[in-house]
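Down below are the structures I want you to see.
You will see chain A twice below: alongside chain B first, and alongside chain C after that.
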Partner chain A sequence: MSAYAGDVAALARKDLLLELRSRDTVPAMLLFVVSALTIFHFALPSGSSARAETGLLWIAIVFTALLGLTRAFAAEREQSLLDGLVLAPCDRSAIWLGKTIGVTLFLVLAELVALPAFALFFHPLSWELVAAVALADVGIAAIGTLLAAIAAASRARELLLPLLFLPLAIPVVIGGVGASIAANPGSFLAFLGLYDGVFAILSWASFEYVVTE
Partner chain B sequence: MLAFYWAPEDADQGFSQKIFYIHVPIALTAYAGFGWGAWKALRLLWTGERRYDLESYTAVHIGVIFGLLTLVTGSIWAKISWGHWWTWGERQLVLFLILFLFYSSYFMLRYSTEPGPRRQRNSAVYALFGVVLIPVSFLAVRIAGTILHPTIFTHEGADLPWQMLVCFLVSLGGMLALAGTLYQVELAGKRADGSLRELRELLA
Partner chain C sequence: MICARKLSKRFGDKRVLERLDLEVPRGGFVLVTGPNGSGKTTLLRLCAGLFAPTGGELEVDVPRGAIGFLAHEPLVYRELTALENLDLYGRLYRLPERRERAGAMLERFGLWRVRNERAGTFSRGMLQRLALCRTFLHDPDLLLLDEPFDGLDVEGADLLQMELAQRTGVTALVATHDPEALAGRVSARLALA
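Moving on to the complex of A and B:
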């Protein structure tokens, strides 16, 4: 098990190092989410409710995640690194876990900017919202990494990923918006936790089938 | 059909309630198609046998057709019962919309991946995700329904008179038989297609 953890840590570190050197993904995500929030300010008529603003924040989060996910396997594909990773003497699910950790960190970085910007532009944040965003990040990264690997094998990569991802993200949005505005956020947070658990296990178990030739 | 003449009319909804005998069996048949497709997908991942790919694909195909019919009949029912073609308050319909979007993406995935073992496995994994998505989004739509849409329609109680139940079961059996037949026909067609293509490649 410790060898497994070592593999995962090495793979996640590789992704973070790559990002640190190339600075491809995270700056783009930051810029995107701030632009999206600016657009939402103009899309909402003045006097819109805080509930509508919160809903739009969730749209921004999902699409920012999508932006990051389309790049998740870009380096692997361009240098056909994935074959090498699959051949490496480690469990294939470790590739998924390492990549998921990397994607989650990118998302958290984007939201460290997005949430304060949202509070500044619109209205203050509640702790339920922050908790829901944290839970949603895990689910989005878990499922998004697997779908990005699936989409990377197809011809229409960048086109296919949103199509595959958005229907599966609907429950995340329901849970997230519910936790942010409902009177009893507990059940929605529990639902998000359940979603994370179920889909993380499923992705972890099925990743091997997606990457092997 | 038996349902139209024999089943007692619903006190609230009158004649329009009879679409219940079509709409609900179609919905259940769609679930059966998705479930069967996921089962075949699981078998594919398990055994790696090629024939499960086509079976899974065909089952999902049938499921999507019945899912679309569910949306249409549900929408007609909603129009008659509540006066709107679409109500976000009707949880089953919302769930079917999510599933319909999901399984339409399944087709996009199949069409944009080169045929081969990679496509078989990717589609199988996606089909498995679908069958997990059904209960998850059911739960999501349910908890959202209690808060975002406070009106809850509880007209489908389990306390049906026995004539209604008989009609319902007959319709359900009929729909499942229809789906089963379509599945066999479609599968035979697709298999013939596949062997024809192999033959042509051999000849070329």
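Moving on to the complex of A and C:
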């Protein structure tokens, strides 16, 4: 394993260990996404279109991700730990990648509950929907982690993160809903893949400038 | 090793450091004193590369990985054990035999018996000892210590004195309100107003 991969693995493992011990983030994400889907189930009139139902699932996913992202740098922010990580001689993008892996895993865990709940409340899952969710997770975690780091350095972080993240999540919702209901989901899945690639590269390359003054 | 020329740092309208000249040669041990808000911590953070100067020049002739930085915060994860924290930093600093080194540091600072306890359960003094373990773990060439005796009991202060005594030739910039504790080692003093 290269030194870079080793750094990323150590940082991601650290985040998983922190969550395993504190249980701050994943239970909150699970409760939120199940509650949101339950509310949508009762709020949506029977006989609603598949587009409306799928759209609500994507809204639930985006806001669940936002909940996780607000906690992504909580330990580092509360104890100024980013200073310690930034001073280490490892490539600073490894901090972003390790954190992104953690955020992705937390999101996947939330979706392991959310998707069956969606199937129970609304309609059966299609492979296109599952593929779109998997692709969206990568993009959401990639750009979301960068924005969470930017917000963590700000005093108005609770306000700033949604303001930065939600506009950038619009393409994810468009691609996700399109891939889930369109007759030809391939182009929407390709769009989500492109979104992942572009924002992962941008976030990877710019993280160093975000965590240094 | 550290050379500052007319170094200035401002936060918005507030001037924290203004046209500071400073030279710390290799092996120098410089004490930085001054009242609260005089810019001691800011100077250390500038030297660590955690702040960018707003004016003047600053050269720190040492790679990032050779800096040992002790901050106000211990920079350790409260949910990880003492050993896990040092193991993480050892991994990021690419230390050979990092577990052995982490164990040796914990033993040196009297934390070996609590190595598997979470840092969040530690007292202020124990956290400071763990922070010192983290600072010295990678045998840094440049020490930037912000109030190193803060929270330490008499035994902890003695252990720190012993550690510093062993590290002859290391360059150090130490911000403190208690200059007498390090009086024997000092090569120069910088008083900030």
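Basically, the second predicted complex is superposed on the first by the 212 of 213 C-alpha atoms of A that agree within 3 Å, B and C clash if a C-alpha of one lies under 4 Å from a C-alpha of the other, contacts with A are read in each partner's own complex, and residues count from 1 in each chain.
Following the convention adopted for this analysis, contacts are C-beta pairs under 8 Å (C-beta built on N, C-alpha and C of every residue); 3 or more make two chains touch, one makes a residue touch a chain.
Computed from a prediction, not measured in an experiment: that's the story for all the values here.
Undergrad: Record, for the superposition on chain A, whether partners chain B and chain C clash or fit.
TA: In the superposition, chain B and chain C stay clear of each other.
Undergrad: Where does A:C90 make contact in the superposed view: on chain B (first), on chain C (second), on both, or on neither?
TA: In the superposition, A:C90 contacts chain C only.
Undergrad: So in the superposed three-chain picture, is A:S187 touching just chain B, just chain C, both, or none of them (first/second/both/neither)?
TA: A:S187 contacts chain B only, not chain C.
Undergrad: After the superposition on A, what does A:G175 contact: first (chain B), second (chain C), both or neither?
TA: first
Undergrad: By the touch definition at the top of the document, which applies to A:D7: first (chain B), second (chain C), both, or neither?
TA: second
Undergrad: Determine, under the contact definition given at the top, whether A:L17 touches first (chain B), second (chain C), both, or neither.
TA: In the superposition, A:L17 touches chain C alone.
Undergrad: Is A:L81 contacted by the first partner chain B, the second partner chain C, both or neither?
TA: second
Undergrad: Between chain B and chain C, which one contacts more residues of chain A in the superposed model?
TA: The larger set of chain A residues in touch belongs to B.
Undergrad: So after superposition, what is the minimum Cα distance from chain B to chain C, given in Å?
TA: 5
Undergrad: On chain A, which stretch or stretches are contacted by chain B in one complex as well as by chain C in the other?
TA: Overlap of chain B and chain C footprints on chain A: residues 212-213.
Undergrad: Under the stated contact criterion, what part of chain A meets chain C in this complex?
TA: 3, 6-7, 10-11, 14, 17-18, 21-22, 75, 79-81, 83-90, 212-213
Undergrad: Name, in rising order, each residue of chain A that touches chain B in their complex.
TA: 143, 146, 150-151, 153-156, 159-160, 163-164, 166-168, 170-171, 174-175, 177-178, 182-184, 187-188, 191, 194-195, 198-199, 202, 206, 209-210, 212-213
Undergrad: For chain B, which residues are in contact with chain A within the complex?
TA: 45, 98-99, 101-102, 104-105, 108-109, 112-114, 117-119, 121-122, 124-126, 128-129, 132-133, 136-137, 139-141, 143-144, 147-148
Undergrad: In the complex, go through chain C and note every residue touching chain A.
TA: Interface residues on the chain C side: 48-52, 63-65, 67, 69, 71-80, 84, 88-89, 91-94, 118, 134.
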